[in-house]
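We just call them A, B and C in the order they show up, numbering each chain from 1.
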């Protein structure tokens, strides 16, 4: 089997797994939304984290220690924020939702330049799907106007930015998402419908506007993407610190070992001298003298 | 009590045996005949001890009056639970050591060794059974002198002579402190009988027939007596810092002699401490505060000694030094158990001494056998597995973490004593020293591991040669005794309770006094 | 009859000893007997305690697979079969610890297992005179065996010997009132489960032991410490002190272990550090249970234990395979395993994804339960927020180090043909695959058990439709992958 065959096999294995995961994740979240079960949505979210792993394996993204930063911060914030959204009060949920969106925008920016296939788009945008579902959770009580507006704006940006990379793909995904969302019957449906209908009406204008929008959003995002520089610095420092800790610990162990060996050699030397010199003789003699002194005192009380 | 005559006879039996062997040797009887007679006499001693053990277990405390004279006029033997089981261990060790020395000591010193071994055991049994302080001193002196002589039995080895000198001079000086103790006690208490001293220590006004009242201020004297006696017994058992003689002696003494040392001669120290701190100067006597101070001091000494000597054990490469430092460590652990003051702990101490004796004997005998097998003929090489198993069981017994071996139960009881006394950190000390010792033991196990290359070169493996039958039998007996004791301890409640009851019996000095002074 | 000592201990032990004796002549009969001895322990599965049953089931599965694995491994690496009986004995003693009904049985087999663990860690020293192994074994003895012995002896002493022999474990009347005693006991079990401050022996010990030994040590033996912590929660202890100590140490070790694991370049050290991290999070879950009384935490810790055990065993089996095939342990010089054996890479990938949360594996259930449990209680105290954040960081770091590990398999490098040692070693891959798949089958078993007997695992019912669908799809996936590999191997 030649080298390329091996590569193909492995990549197709990973591809199959990714498809499976995405399918199950979609199924889980859909069922969760249908029957209003938070557990299923949480399960779906967990699966999406594994999708991240699959993507990273495929691209061997985390090849440098620097990349550990982005992974750790992004994924941890994502998980924390998601579970916060579940159980927190309204305003905190909104803040978490905004944070989550920004995080995924940044992540898409970093990873999104190499999107080639439909599956990639779907898998990367599975995050969007979950942001949408978390929006659903946030909106289980009534929303204020301000909150609704913010949500609409950010979602639009998100959709536009991600879906406008390739216009052909846009339509395909649009079909898919429309179909999915239509079967759900939530608020998002209305927003998406109105948006997409408006956009479909003037296709060219839409394309031009969307391209301009996309560029400006890309510029903003590129600036935002530098946000992880301080994180990178923190993480590099942490890595350095961890390595110095382990070195120090090894040194500490060696130091203790040397100390123990020194103590034992000293003890052995004392033992040796006690046997081989007549030091113990003196020691015993002194005891004898002490006893005789006591005896003398006793006799003369 | 007609049945109790064995108690008086046994010490005499060992004395007479040594004289018989000496006489036979001067008549230059054949070597094999002397071996046979010595082994038979040791076997008779063991059987007598078994009989005493079973008798004492049925009645609790046995008193034997020499010549029928009542105490404190005459010397008495008081056989307690712990006395009889330690005496059983001593006679068992004597028998095995004699059987082992048939092939492992040079023939020209063998008869001398027999004489000295019998003398030593006579002294040990005497000091374990006695109820009289001066008799205790005499027996300990007998043990000591025999030990000095046994150490230097290989006269042409200068190291042996040197070790004997060190041991001899320091031992004599320290043992004479015990004589001083006897004088001081007689001068103040007016008696030499342990029960009598105990009675007068707890009740200063008591008046006993034949010995009258106390004379003068006995509180001060009692404190000095207790301190001196502690010092003597610490030396006898080799607790740090009085341990310096022990490694030297164990390096040069003949191997069967080391077996006797660990199993009978060196346990006198711990036994003496138990007697002095629980029977004579018990819990509620006139030196209560000083006794408690000394017990705390002993606990500190014991703790430090066990950890330091365990650290030494972990670095040893030769069996003799390993056994030496391991004995120091285990005796210090026993000292720790003695100082707690709970019945279970003392029961654990006795069990610990027994398992230490059995384990050390297994180690020494199996190491010697392995060395002889490895040097010997090709047909023996596959037999190396039996001594190796005995070595492993001995070392694991000393390590004490397998519940099917008695070493585990002694540590459990020590731990129970510590926890009951409200001092669970003591368990940590016990186990830290065990862990450090275990390094040395594991190293030995790995070092003596039989390699496949040993038996592959030989063409004809035709079984056991005649000269290996006896050592292998001894090893098998030791392994069986260890495992049987362990299984009985694990499976049967009453065997464990026997040891606990010994512990409580020792702490009950009132019962001791009552039984000694009661009968006609 | 089932409760008697003969059925529970003597029969498996005899079968195993006879099986090992047979190994010298006919390996097939010997292996069958050994597998039978493990399976005969499955009569202990039907008990009231969920944690216990799952641990026993996991150990049985691991035992069966490792019994086969060790034969090939031992023959390839050392040329003899002397490793096999020791590994079997260690597995049996750990199993016996888990099925023991009273304290004395627990203590006996626990101590026996520790002794065997020492011998296995020092195995390279015994066999080849490699002093690094002896140093690691000495560290293990002093910093893991001795503190655990202290805890066990103190527990035995407090219980008293009559109760230790008769009373079943969960109903011992232990009253640990003195805080010093509790701290001593806790530190003993921390030393066993490798939680701060007695965690530093683990990387050295688990990376120098032979691979099947590392698998058992990392997969099952540290779980004994967790089991002991779980048992402690049944007695009357100072719950605030217990949970605060375990939480502090556990959270610290989780972060530290995960971060160190991401920095390692030796595959076995990476796995060892990740063990400390994951075991600590399980301990944190138990501490949260003690603190809050919410039973979801215990279920989460149970499932996580099982998931992690299977994951670790399969990863160590894989590292053994890499060691034998490539004679190399540094990730920087590896990267071509997928060319030698795509089956093995598939198995590793499946294990990693299983522990990260691919349905329908146990790892998925564990993660869902864990995060559900934490987030349900999040409004009660700030501690849960901290735990959530640290768990999130840990999950992300676990993604990182798993990717770093997987780079040993797939990094587009050329294999150094002169250094490969194939042959016997290639048989090992099917065992790794077996155990990776088993983590998925496990869910199915638990689901059935859930419907049948246990009243716990309520959350599982809510996920049942998801699990069924994903199980079906998973079977299809496996079928596709199998066809893919078989088709390509043939061409």
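Keep this in mind: a contact is a pair of C-beta atoms (placed from the backbone, for glycine too) under 8 Å apart; a residue touches a chain by one contact, two chains touch by 3 or more.
These numbers come from a predicted model, not from an experiment.
Of all chains, the one whose Cα centroid sits at the greatest distance from that of chain A is B.
The largest tally of C-beta contacts between two chains is found for A-C. Look at where the CA atoms of chain A average out and do the same for chain B: the two points lie 66 Å apart. If you average the CA atoms of chain A and of chain C, the two centres end up 25 Å from each other.
Separation between the centroids of chain B and chain C, computed from CA atoms only, is 46 Å.
By the touch criterion given at the top, residues 166, 169-170, 173-174, 177, 180, 184, 217, 220-221, 224, 228, 231, 244-245, 247-248, 308, 311-312, 315 of chain B touch chain A in their complex. Contact residues of chain C toward chain A in the complex are 200, 259-260, 262-263, 338-339, 342, 345-346, 349, 352-353, 356-359, 364, 367-368, 371-372, 374-376, 378-379, 388-389, 391-393, 395-397, 399-400, 402-404, 406-407, 410-412, 459, 462-463, 465-466, 469-470, 473-474, 477, 480-481, 484-485, 488-489, 491. Taken in their complex, chain A has these residues touching chain B: 260, 264, 267-268, 271, 274-275, 280-281, 284, 287-288, 291, 294-295, 298, 301. Residues 1, 3, 5-10, 12-14, 16-17, 20-21, 23-24, 27-28, 31, 37, 39-40, 42-43, 46-47, 49-50, 52-54, 56-57, 60-63, 65, 68, 71-80, 83-84, 86-88, 238-239, 242-243, 246, 249, 253 of chain A touch chain C in their complex.
Listed in rising order, the residues of chain B touching chain C in the complex are 396, 401-404, 408, 411-412, 415-416, 418-420, 422, 424-425, 427-428, 430-432, 434-436, 438-439, 442, 446, 449, 490, 493, 496.
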